[in-house]
Amino acid sequence: MPFIDPIELERVIDAALTEDLSGGDVTTDALIPRHIEATARFVPRTPGIIAGLDVARAVFARVDSSVGFTPHLVDGDFVEGGETVAIVSGSLAAILRCERIALNFMQRMSGIASITSRFVKAVEDLDTVIVDTRKTAPGLRALDKAAVVAGGGRNHRRNLSDGVLIKDNHIAALQAEGLGLQQIIRRARAQAPHTVKIEVEVESLDEIPAALDGGADIVMLDNMSIEEMRSGVEMCRGRCLTEASGNVSLESVREIAETGVDMISVGALTHSVTALDIGLDFEQPD
Amino acid sequence: MPFIDPIELERVIDAALTEDLSGGDVTTDALIPRHIEATARFVPRTPGIIAGLDVARAVFARVDSSVGFTPHLVDGDFVEGGETVAIVSGSLAAILRCERIALNFMQRMSGIASITSRFVKAVEDLDTVIVDTRKTAPGLRALDKAAVVAGGGRNHRRNLSDGVLIKDNHIAALQAEGLGLQQIIRRARAQAPHTVKIEVEVESLDEIPAALDGGADIVMLDNMSIEEMRSGVEMCRGRCLTEASGNVSLESVREIAETGVDMISVGALTHSVTALDIGLDFEQPD
Amino acid sequence: MPFIDPIELERVIDAALTEDLSGGDVTTDALIPRHIEATARFVPRTPGIIAGLDVARAVFARVDSSVGFTPHLVDGDFVEGGETVAIVSGSLAAILRCERIALNFMQRMSGIASITSRFVKAVEDLDTVIVDTRKTAPGLRALDKAAVVAGGGRNHRRNLSDGVLIKDNHIAALQAEGLGLQQIIRRARAQAPHTVKIEVEVESLDEIPAALDGGADIVMLDNMSIEEMRSGVEMCRGRCLTEASGNVSLESVREIAETGVDMISVGALTHSVTALDIGLDFEQPD
Amino acid sequence: MPFIDPIELERVIDAALTEDLSGGDVTTDALIPRHIEATARFVPRTPGIIAGLDVARAVFARVDSSVGFTPHLVDGDFVEGGETVAIVSGSLAAILRCERIALNFMQRMSGIASITSRFVKAVEDLDTVIVDTRKTAPGLRALDKAAVVAGGGRNHRRNLSDGVLIKDNHIAALQAEGLGLQQIIRRARAQAPHTVKIEVEVESLDEIPAALDGGADIVMLDNMSIEEMRSGVEMCRGRCLTEASGNVSLESVREIAETGVDMISVGALTHSVTALDIGLDFEQPD
Amino acid sequence: MPFIDPIELERVIDAALTEDLSGGDVTTDALIPRHIEATARFVPRTPGIIAGLDVARAVFARVDSSVGFTPHLVDGDFVEGGETVAIVSGSLAAILRCERIALNFMQRMSGIASITSRFVKAVEDLDTVIVDTRKTAPGLRALDKAAVVAGGGRNHRRNLSDGVLIKDNHIAALQAEGLGLQQIIRRARAQAPHTVKIEVEVESLDEIPAALDGGADIVMLDNMSIEEMRSGVEMCRGRCLTEASGNVSLESVREIAETGVDMISVGALTHSVTALDIGLDFEQPD
Amino acid sequence: MPFIDPIELERVIDAALTEDLSGGDVTTDALIPRHIEATARFVPRTPGIIAGLDVARAVFARVDSSVGFTPHLVDGDFVEGGETVAIVSGSLAAILRCERIALNFMQRMSGIASITSRFVKAVEDLDTVIVDTRKTAPGLRALDKAAVVAGGGRNHRRNLSDGVLIKDNHIAALQAEGLGLQQIIRRARAQAPHTVKIEVEVESLDEIPAALDGGADIVMLDNMSIEEMRSGVEMCRGRCLTEASGNVSLESVREIAETGVDMISVGALTHSVTALDIGLDFEQPD
């Protein structure tokens, strides 16, 4: 897993534990004596890419620092299903209290890594990179983006500050004020931090020359046909990077990549996640 | 939308805004002068059920209290796609800063409401109720569960304290200590708060008599065949509620409901969400 | 002590330490050199039930993880007064900084446990259970309720989500809308989560038949005479649980229990706490 | 009510609301339609002093800013019981969700104010002042101390930074290092902020001369007999303030005050609170 | 003032108010009756650039929303000293409680804006831009950076995520692993988000060719002589931006700018701030 | 370093780390493999007083508990420049992520300690004490005040609750209500906590007699000439402490001290800090 700010990780885990556990676990509290210990294995039920192991470990540690958590794999590893990805052992009560939360994190993150991996695989012999978007679950951006990396994808902007992205609505508002696209890009260049690049969203090929003349570092080809994209890539070649965007699917991604775009951004990596089915199998008590 | 604790709602919105906006919005900061006002419409691109309108409203209010937000529908309404579900108007800069976050909330919540609604519809002439699970996105449980209600579903346990649910792992651990299922349920009855019901997960019909004798309020029929479920329902009739659980799909839900179970819990309502595609369409500046 | 969510425990301890210590401890800072070590004993001055040992331990650990805390008893133990319940040793400065906060927690929790224990003792040969209420000190509910358990009591609803309790004001408002009590209970059954029970507050015997017909799981007999309670219990026998409520005292609790009610809720367990007098006795420096 | 830092007030109210309401109010959610409005009166059932009106107001405002709250009295007013101290009106659902929390605050604060008032009354013709201690409910110090003021008492140290208080344990530890009481006080004078006074706890009259010579601003006469206190006051007259401390009761307070001490500190004002019984009476719906 | 995330602004203001006000304001509480109103003017005592007006406004609003705050100038305006920059009016007690905190914010921010402005003025006829660094007061980065903008400067990286900056220590560690500078830059290009630029710190002219060949977007000329810088700028011209860094002073900045560097980063803008002397002058009560 | 509440320290460090690191460190993430270890030395570049070592240690520990931090000096030690004040060793990535934040804390705190030390030295043979003010960086008061102590200074009020300070604006407002200075001081004595002293700001010698008669514990001589101060000190001798305030500089401080004032408060210790230049020198990798 890429580095995640430990304070942010603590915030996310605390929020998840609080919403599940702040009133206690009435079942475990009533039934499970303190002396019972247990060992259990995280086992995926279907193939995919594992992610979130460090998050799961931190969940158990937050509730009971004496619970042991031993990963057998690392984030980004492929699983066929059926193998042990990690073993947790210690107080049964603590494991039961954390089980659902640890699984919720791992299943979502592994789901993101798995679908990302399929997109990445579809274009792996080409130079095109699969990137994510800001369409993440609210509050989970750091984890969602870490999962994309685990799946072999790359991160686009993490937030509104680490890249300029001039979209149709910015352009329309400023054109109404009398500015042309070139002027808009130059204003951005003059006003925005010099450490970030400037990306411009274009919806037709007509806008590309002005974007290039304005000095765009990246041109986003939004919702274009394959044909248009190919032309757009051609127009930009050697002058700026190109990104394809808009309703990309596993069916269409290869054809898009073959247009020669540098990046393809896929919102579905994070906005429509299918959890990877992972279970926690307890060893039979002796 | 059902009532959501305003402090929890503020926490969730603050987390989402912070991860996107705490470094500023370098594009809008560079380009959009303060005097520009705008009006924009939230428009779904496909059919579904709308949810999260109050959350979206609160997002804009948190960033700029002068932004107006006028819903045209309410949570739970069906949309065909193309209609206006809400209008936001005011400072263009504020709207642009909040757009993605407001959409991330609405798209996820509407996605949950939409799939819930399909499950509910599939059994609407029967007495069976569709309920959710605790397999929600970490930190978003209150919103995920509100979205299920918007889609016509009912909520199962919100957390580990508002219901006893004795699962296979509780039972196995206590059987290793020499307790039978009846004794386990009676211990729960004696120890747990008297205001919550006791649900027992059974994986074979053999366990049902002991569950009933122990006094279970609800029996969860876990991963059973249709045939078994029908028998299980029969055994429990008049003595306790029954819940079907385990890999329920839109294809199988009706057949399951026809066994006569009182509830069917569906993890996929919240663990594998397909966002409803909703856009924010700005009116053309004059 | 029953399990307390570690995040909630940290929140409570941090709030208490912050309000006492955030400006420093000007006396200790001025006077006590770092090298001085000390050992001190928590000693109750009067008989009672001890509670809050784990909380006291956590207070010292939060300020100085090198301070040792060794309990000699466990929560729920009876003390005569004069015995050592725990020993703390380490940096004198750290112990002095935490002393008052650790005592404030233990004294309140032990006070709650002690009075609870007296109520429980008064009815211990009967089948009636003593339960608490939501009349707890704001922000301290988890600890107040843990102390009730340490004293041998049981917890009623922890909050507004783990049980339906239909009170006079709900009923009056809905009757004004034209609903009868049976309809009200059925609406609750249809709308509330199926995992929680439905309790109905009745103020006269006349209301009991409708409550039973509506399907109440529990009937609360509110502020009734002993005579009425006895009749109420009779009416409910075999159909639902009964709870006595309203100005219960040590003098009256046994007579109430002898009516056969299943539970007696006592607000005074937590709303009017007499702290157990506990001191921290330092061993004489050599 | 004295000024309370609004950020601290928000923290306290949020903690109280969160622990009660974060999972929703399943009863009100199920039963009370949004359109129902109500009016209710806060009415004490017994005589006492009212405190916490602003806190109650803030509770309702936090959950629903459209709820109206009109106090008829102010903090510190005496009530006989039966009169209206405040009226709340607006959404019935919001009022029901907040009722218990608002009452928990007012009942505790009014209980503190009421007992304080009885101590104050007992000595009102004398020059002795009744002061509180740091024996407050964890997390509620600001409110507990505000309630003491409402009852006519004065505040002692709010925390460990707004006064030096050299206690027996400080003295014993430093004497073991070879320092005399005079030296200890002088070290405190030299090291502690010059804006706070230095109070010294003495347990026998023998220690007073050294305390005076060291320059104590206040001498605390701890657990002394009336006789000793009278002598202690005499010894300190004109040189420093005197404070009586230790197991002060309503029975003993006047006799203690008649020794001429300047202040009497009473831990029981806040560590053993009897809540004032206050109810919320809803007006009958038309 | 540039946009500041309102949640971050609230956090900063709450921290400042809490550390000053959480124990109350014993002077104002004791002396100032509630009915007294006042009006006061923020007046700088010396020339400079004003910044922080919106922050000051928010401080008063947080404590008492009825206090009026009317700015006469905007952030970035030059003051000679003696003029009114803003008027605050309302409850005297509230104004006194907030005075120091509001001034602490404005004085620091105005101090930063003022010194920035002097650097900017020194090079205003040249094409060189003055930028800040990450050497800000811990917890105040958003405000420190906003103040630099108010003074006419530009912001460098806000944090570790909105730009790649390969420093000497990164290079040394990787060279020890056998990588050359070109390879290092290419690894960064391949791994880091494509939306941020890559800046490379060079300490001698020898490193520049490899930096250019590796594809650096910006070359930082660190602690070079004027002569070296001029050569460095020449080598980079047309291929990447250049930034001068290291102990820049008002005396040296113009000579550095005349080398033709694109940016000069000045740590002293924020790490060694001289507060602008601003007073709050109360109008005489009538 | 004097004791700092660990909860406050955690808050400050978390705020600083969050604003720098919450989006990750894109440079280190891209370049530095996990296996690389490093050792680095904190080395001041110029003479001064070191402060903040414990804060720096806590920064590294928060991000990676396996990083070792070994101080060679303690807070308050003088450095010539060039010596090692502490060594940090462990994961290179962790050290790089924390470097700037650790330095920002140490440089500011050491800057405060250093300038304080110069003021203290200037009067070290006299009885006058150098004290700080509340003019600290918002959110950093505890650290700023600890740094003053490290530099040999003393702390004035930490906040608005640990001392009464009656300033010109309090006096003017109350005089407009008809109160004289004596009455004002007596009201403060009667209303404020008895554990704090009362300081009165006077702007002319005429006010001193009333201040003394009212019973001021401390008289602040604000913005007076040396001549006036000398007279003021004479008038107060034996009756109260005196404090000089207002635009004190290194040039004027000795002359002021020679008037015999007990304390001189210097706002510039904390409001206009020149950071001590400290670097982190990595040992060459082998």
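Labels A, B, C, D, E and F are assigned to the chains in the order they are written; within every chain, residues are numbered from 1.
What we mean here is this: a contact is a pair of C-beta atoms (placed from the backbone, for glycine too) under 8 Å apart; a residue touches a chain by one contact, two chains touch by 3 or more.
Nothing here was measured: the structure is a model prediction, and the numbers come from that model.
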Of A-B and B-C, whichever chain pair has more C-beta contact pairs: A-B
Furthest chain, CA centroid comparison against chain C: E
Chain copies touching (chain B, chain E) - same or different residues, decided at half shared: different
Whole-Å gap separating chain A and chain E, where each centre is the average of the chain's CA atoms: 32
Inter-chain centre distance, chain A versus chain F - centres from mean C-alpha coordinates, in Å: 44
Chain centre separation (chain C, chain D; CA means) in Å: 22
Mean-CA-position distance for chain F and chain B (Å): 51
Contacts with two or more other chains, residues of chain D listed in rising order: 8, 19, 21-26, 28-29, 97, 142, 158-159, 161-163, 165, 193, 196
Residues on chain A engaged by chain F in the complex (per definition of touch): 2-8, 142, 158-159, 161-162
Interface residues, chain D side, partner chain F - complex: 129, 131, 154-158, 161-163, 165, 193-197, 199, 218, 241, 262-263
Parts of chain F lying in touch with chain E, wherever the complex brings them together: 8, 11-13, 15-16, 19-33, 36, 38, 92, 96-97, 100-101, 103-105, 107-108, 111, 134-142, 159-167, 169-170, 172-177, 184, 187-188, 190-193, 196, 271-275, 282, 284-286
Complex contact set, residues of chain D against chain B: 14, 17-18, 21-26, 28-29, 62-63, 93, 97
